[in-house]
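In what follows, chain A forms one complex with chain B and a second complex with chain C.
Up next, the complex of A and B:
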C-alpha cells in the first residue's frame, strides 16, 4: 500500500498512461470471479432455507390462524372432539370444541429456557475460570474432552434421567425445601401485589437504561448501583410468589429448567474454555506484572475479553434450550391446565406440546395447522431472542471494543 | 499510606529520605526454554538510582533478562531460571518471597502496549486499589497525577471512562507507563518504552526517566543508541544471550573495551 502510494507520488505528471493493464494488474481475475460466484451460491443457501421453512410454516398455519385469531394468546389448548359436529369459524372447520391457546406453552418455553440460561452461564463461566487456574495444564485437555462428551449426550438420556431419577429427588427434597424457605418470608413484600411488581419492574428497567445512557463519571457508578438494587427488589417482588406454594409433581417447570441447564452447561462451558484460552497472554501478563493475583487478573482482563463471546455462546445455548423437545416432553409433558400456579407445577413448552399432541391429531387438518402455528411461535421466539442478543452484543462491543487490529 | 502512594513519584514531590532504593544484582543467570538456553550466565549489578540501558541485537535476550527480574518467567511453562537475582539485597527467587509484593516494587512496561480492557481511569487505579496503596477517595487524584506525569492527561481527560483501545498505539503505551508508575515502584523495567512515540513525546519520557532515576532504579531496553547515550548511566550490551560489555555509558560509547561493542556502536552490528 505504502509502496504503491510512494510510486504514485514519485511519478511526474505527464500524459496519462495507456489503459492497457496486464492480467496480473487487474482487480478481478477469472479465478476470482468464479470463486465469488460459488461463494454467493453457497452463502445464500442458509438464507434461502430459512425463508423456505418460514414460508411452509406460515402457509400451513394459515387455517389455524384464521380459525383462532388472537385466541392463540389464550390459556387453554384442546384439539377438540372428532366424534361431534365440527365447529366452524371464519370459514374454517375444526374439531368440535377445539381451542388453540398457547400462552402457557409460550411462557413455559421462555421461563424454562431463561432459568436454564440464568444458571448455566454463571456456572459455566465460573467453572471454566476456576478450572483454567486450578487444574494443571495437562489435565485440562481431559476436562475439555469430558465437556465435549457431555455435550454429545443425547437429550433422550437427559429426559429419562430427569423423569426417573432427578424429578423424584426434586419432589422429595429440593422443591419442598425451596418453597419452605421462600414461602417463609411473606413479610418481605406483603404490600406488593404481583401486578404492581411488574409495573415497578418495567419502570426500573427504563430508569436503569436511561441512567446508563445519560449519566457519566462518578455519579454514573453510584446511580448504576442504585438502579441495580431497585431492579433486584422489583424482580424479586415479581418472581418470588412463583417460588412459593404447593409442590405436587416430580416433573415440574423447575425440574425441567434444571435439566435444561445441565444440558446447556457443556455447550457454553466448552466454548468459554476456548475463549479463555485465546485471551492474549500479553494482556494477562500486564495484570500479573502489577502484582495482581490470578483471580484479579481473571476479573480485570479475562472476563472483559471473553464477555462478548460468552454472550454469543449463551445465545446458542438459548436456542438449544428453546428448541429442546424430547427431554422437556418427558419431564413436564404437556398438561393443558392453563398457566402453572408455581414453578413446581407441571406445564408445557411449545415443543413438548407439539411432540405430545401431533400423533393424536394427525387426522384433524386444523389441529395440525394449529401445531404448525405453535412451531411458528417457537421459530419467532428464537429468531427474536437471537436478534436481541445480537443487539446486546453490538452495544457491548461498541463501547468496550476488543483490541482487534489495534495496538502498536 | 495514601500520601505515600500519591506523592512519592510525583514530579514535584520530595524524595523521601527513608525510602530505601533497590539496586538490582544478577548473578550467573541462566534462563532455559526447554533444552534451549536463552541466557548463558549473565552477571551484572545495576546501580540503585541510576538508569541502565540494555542494548543488543534483536533476539539477544534483553526481554528475557528483564522478565527474570520480576519473575515473569514463572507463568511460562517450560521456562527455567537458575542463578540469583537480588532486588535491594533481597533474593527474588528465594524461599518465602511473595511474588505479589515483589511485582509491586518492581514495575514493568512491556514491549507492546497491553492496557486492561477497562476504562482509562481504571487502567491506572486498579492495581493500586488491589494492593491497597490508595483509598477510594484518592483514586481520581492518583489517576490525574500519573496521567499528567506521562503527558497523557490533556488527551484523555474527557474520556476517562472510555475504553483505552480507542487510543493510538503510543498513547496506549503511555497509559501502560502511567499504570506502572501508579504503584510507586522502586525498580522500573522498561522494555522499549519509546518505540511507538514521536520525538517530542520521546523527549518528555526520557526526561521523566531521568527524573524518576533520582529515587528509582531504572533498567531500560532500547534499540535506539542515541537514546541510550542521552539517558543511560550504564550500558549493558548483550549478544546471543551473553554479556559482551557492561560499562558506564561514557566509556561504552566513546571507548568500549570489546571489539564487538565498537562495531555495535558504530552501527556495524544489529
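Up next, the complex of A and C:
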C-alpha cells in the first residue's frame, strides 16, 4: 500500500525537454540576430505591461490613499458635493464632504468570492469525476464543449440571466426555503453576541485540525466524529443569523455568489479535468485489483493525486472571482454604504463599485483616485492569488501545459 | 486486511483513513457510501450543466420576438416614442468585428512574436520569467485594465478620449497572455525528432523555426488567435471606460470617437425600462453566445488539427 501511495503521489515523467542550443551560441546569420532582437522586444511586452499596470494603479491611487488613510475601512461612501468648497486633508483636496469607506465593498468581494469558491471547488471536482468515470467516451467531448462554452459565456450574459431568470427563482423559491431551513432552526448560543459565535467557531476549527493531526487509531475516529459535530454546530451558530430576516430582493449577496460560483466552475473544472487525465493508471488499476470500489479508488488514489493542483486552480479561480465585474454589477444590487443585514440583502463588491460610480465622478480627481485605490486592492489580491496558484501549479505540473486560467 | 491496520508513518496512510477503513465495513455499507458519493458527484455535474442550458433557454425565450432579419439590419437605438420600431444589433456586430480585427493585428503580432521568442530564442532564465509574468498578466482583473486604459489613454497624457484605439489596446492587454501561451504550446508540441534532424543538418535556429517548426505550429497558433477573438468578443468591463458606447454604427476613426460593441448592447439596454429593451438585450446576448460558440468550435478544430499533425510526424 505504501508503494501504491508513493505511486499515487509521484509525478508522471513528462517528455524530456527538447534540446536547445547553449546560451552563448553565436547567431549564425545577421537575419537570426535581428529576429532574436526584434522578438526579444515583443517577448518582454507582457512583463512590461504587468509592471506598467501596477505602477499606474499605485501612482493614481496615491492621492486618495493620502486623503483617506485608514478611513478606507469605514462603512460610509460618498463622492461629496461638487458645488461646495472642497475639503482639504493631508494636502489633498477633494469634493466637499467626500468619504471613501470601502469596508462593505471589501467584505462583499471577499464573501461572494469565498462562497463561490466553497461551492465551485466540490462541484467541479465531483462533476469532473462523474464525467471521467461514468459518462461514456463518445459523450465526453460534448460535455467538455459545454464546459468550454460555460467558460466562454460573457459575464454580461450571466448578469442578464441573473436578472431575468435566476434572481426571481432565488427570490421566490430558494431564499425563502433557506430562511426556513438554516435561519429557522434555533441556532446555538442565541444569548451570545454575534462575535462570540465566530470566536467559538475558530476554537472549534483549531480543535478539529489538532485532532486530525495528532490522534491515531480507534480513538482518532471517534474524536474526529465528535470534532466534526462540534464544528458543524458552531458553524451553524455563526452562520445561521445571516440567513434569517426578510428576503426582499431578487439580486443580493447570495444570488451574486451563486452566479459567481457558476462562473468560476469552468476555470477549476478545466484544470481538474487535465489533472484527472494524468492520474497514473497503474495506481488506479492496482487499487481496483485490491478490491476497492470505484468510489474508494477515487478517494484513495485520484483525490490525493490531484489535491495540490486543485488547490492551485482554486487560487486562480479566486483571483478571477474577485475581479468579476459586470455580472456582479447587475446582480448584487449596488448598495455602496452599510453592511448588508443578511445574506439575501443587496450589497456591493469593489468591482461593481468601480463600474457603477466611475462614470458619475469623472469630474473629481480625488474621487477617481479613490476608485483606483479600490482597484489597486483588487489588483493586489488577484495578483497574489495568481502568483501563489501558478507557483503551486508549476510544481505539480512542471512544464506540462495547463489551461492559463480562463478555462477556455 | 489486518495489515492495513499496521502502524503507518506519521501522516502516511492514516490520511486515507476513510477509504481504507471502509474495507473493514460490511459490503452493504460500502455500496451505500459509494452510491451516496456518486450521487453527489452526478448532482454536481448536473449543477454545472443545467444552469447553462437554462441560460440558453432564457436567451432564446426572451429574444424570440426579435429574431428576424431586422436584428441584423438595424441599430440598437431605442426611441421611447416608437417602441415598436425595428431594433437590432447591427452596430454591435460591426463594432465587435472592428475591435476583433484590431485585436487580431495588435495582440496577434505582439503575442505570436512574444511566444516565439519565449519558446525558441530566450535564454533559460529570462524565458522562465517572461513565461511566468505573461501568465500572471492574464490574472489582472479586466476592470483594472479598463481603469488603466482610462487614465492613460482616454483621459490622461494621451487624451485620445473614448476611442477605437483605446478599446483595441485594452482588449489586447487581456488577450495577449492567451496568444503567447498558445504559441508557446504550438512550438513546443513539435516532435523532438524534427528539431534534432534540423540541428543535424546544420540549420540555424531561425531557419529551423521558420521552415521546420512553423508548419506544424501554425494550426496551434491560429487556434490561439481564434481563442483570443472569443475572449475579446465576450469582454465588457475593459470597454466601459475605453470604448464607452454609442448607438450609431462604428466609423473607422482611431481617436475621439466612442465605439459600439456587441456586449455593450446588452449592458446598455438591460437597464432600460422597456420590454423591447430587455428583448434586445437578450437577442444581443444570444448573438454573442452563438458567435463565441462558433469561435470555440473553430479553435477546437484548429488545435485538434495541430495535434494530429504532430502525432503523425512523431516517430
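Just so we're on the same page, the second predicted complex is superposed on the first by the 292 of 408 C-alpha atoms of A that agree within 3 Å, B and C clash if a C-alpha of one lies under 4 Å from a C-alpha of the other, contacts with A are read in each partner's own complex, and residues count from 1 in each chain.
Please note the rule applied: a residue touches a chain if its C-beta (ideal position, glycine included) is under 8 Å from a C-beta of that chain, and two chains touch if they have at least 3 such contacts.
All figures in this text were calculated on a predicted structure; none of them were measured in a lab.
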| item | value |
| --- | --- |
| Partner chain in contact with A:137 - chain B first, chain C second, else both or neither | first |
| Contacts of A:57 with chain B and chain C, given as first, second, both or neither | second |
| Which superposed partner A:300 touches (first chain B, second chain C, both, neither) | both |
| Touching partner for A:286 - first (chain B), second (chain C), both, neither | first |
| Partner chain in contact with A:172 - chain B first, chain C second, else both or neither | neither |
| Winner by number of chain A residues touched, once chain B and chain C are compared | C |
| Common interface residues of chain A - those touching chain B in one complex and chain C in the other | 216, 220, 291-293, 296, 300, 304, 399, 401, 406, 408 |
| Complex interface listing, chain A residues touching chain B | 137, 216-218, 220, 280, 282-283, 285-293, 296, 300-301, 304-305, 399-403, 406-408 |
| Contact set on chain B toward chain A in their complex | 70, 72, 75, 77, 99-104, 107-108, 110, 112-118, 126-127, 130-131, 140, 160-163, 165-166, 169-170, 172-173, 176, 179-180, 183, 195-196 |
| Residue ranges of chain C touching chain A (in the complex, touch as defined) | 3-4, 8, 12-23, 30-31, 33-34, 37-38, 40-45, 47-49, 51-52, 54-55, 58-59, 62, 109-110, 113-114, 116-118, 121-124, 126, 129-130, 132-145, 147-148, 150-152, 155, 173, 176-178, 180-181, 185, 188, 190, 192, 195-196, 199, 204-206, 227, 230-231, 233-237, 240-241, 263, 266-267, 270, 278, 281-282, 285, 288-289, 292-293, 295-297, 300 |
| Interfacial residue positions of chain A with respect to chain C in the complex | 1-2, 5, 15-16, 18-21, 23, 27-29, 31-32, 35-36, 38-40, 42-47, 49-50, 52-53, 56-57, 60, 122-127, 129-131, 133-135, 143, 145-150, 152-161, 163-166, 216, 220-221, 262, 265-266, 269, 291-296, 298-300, 304, 316, 319-320, 322-326, 330, 351, 354-355, 358-359, 362, 368, 371-372, 375, 378-379, 382-383, 385-387, 390, 394, 399, 401, 404-406, 408 |
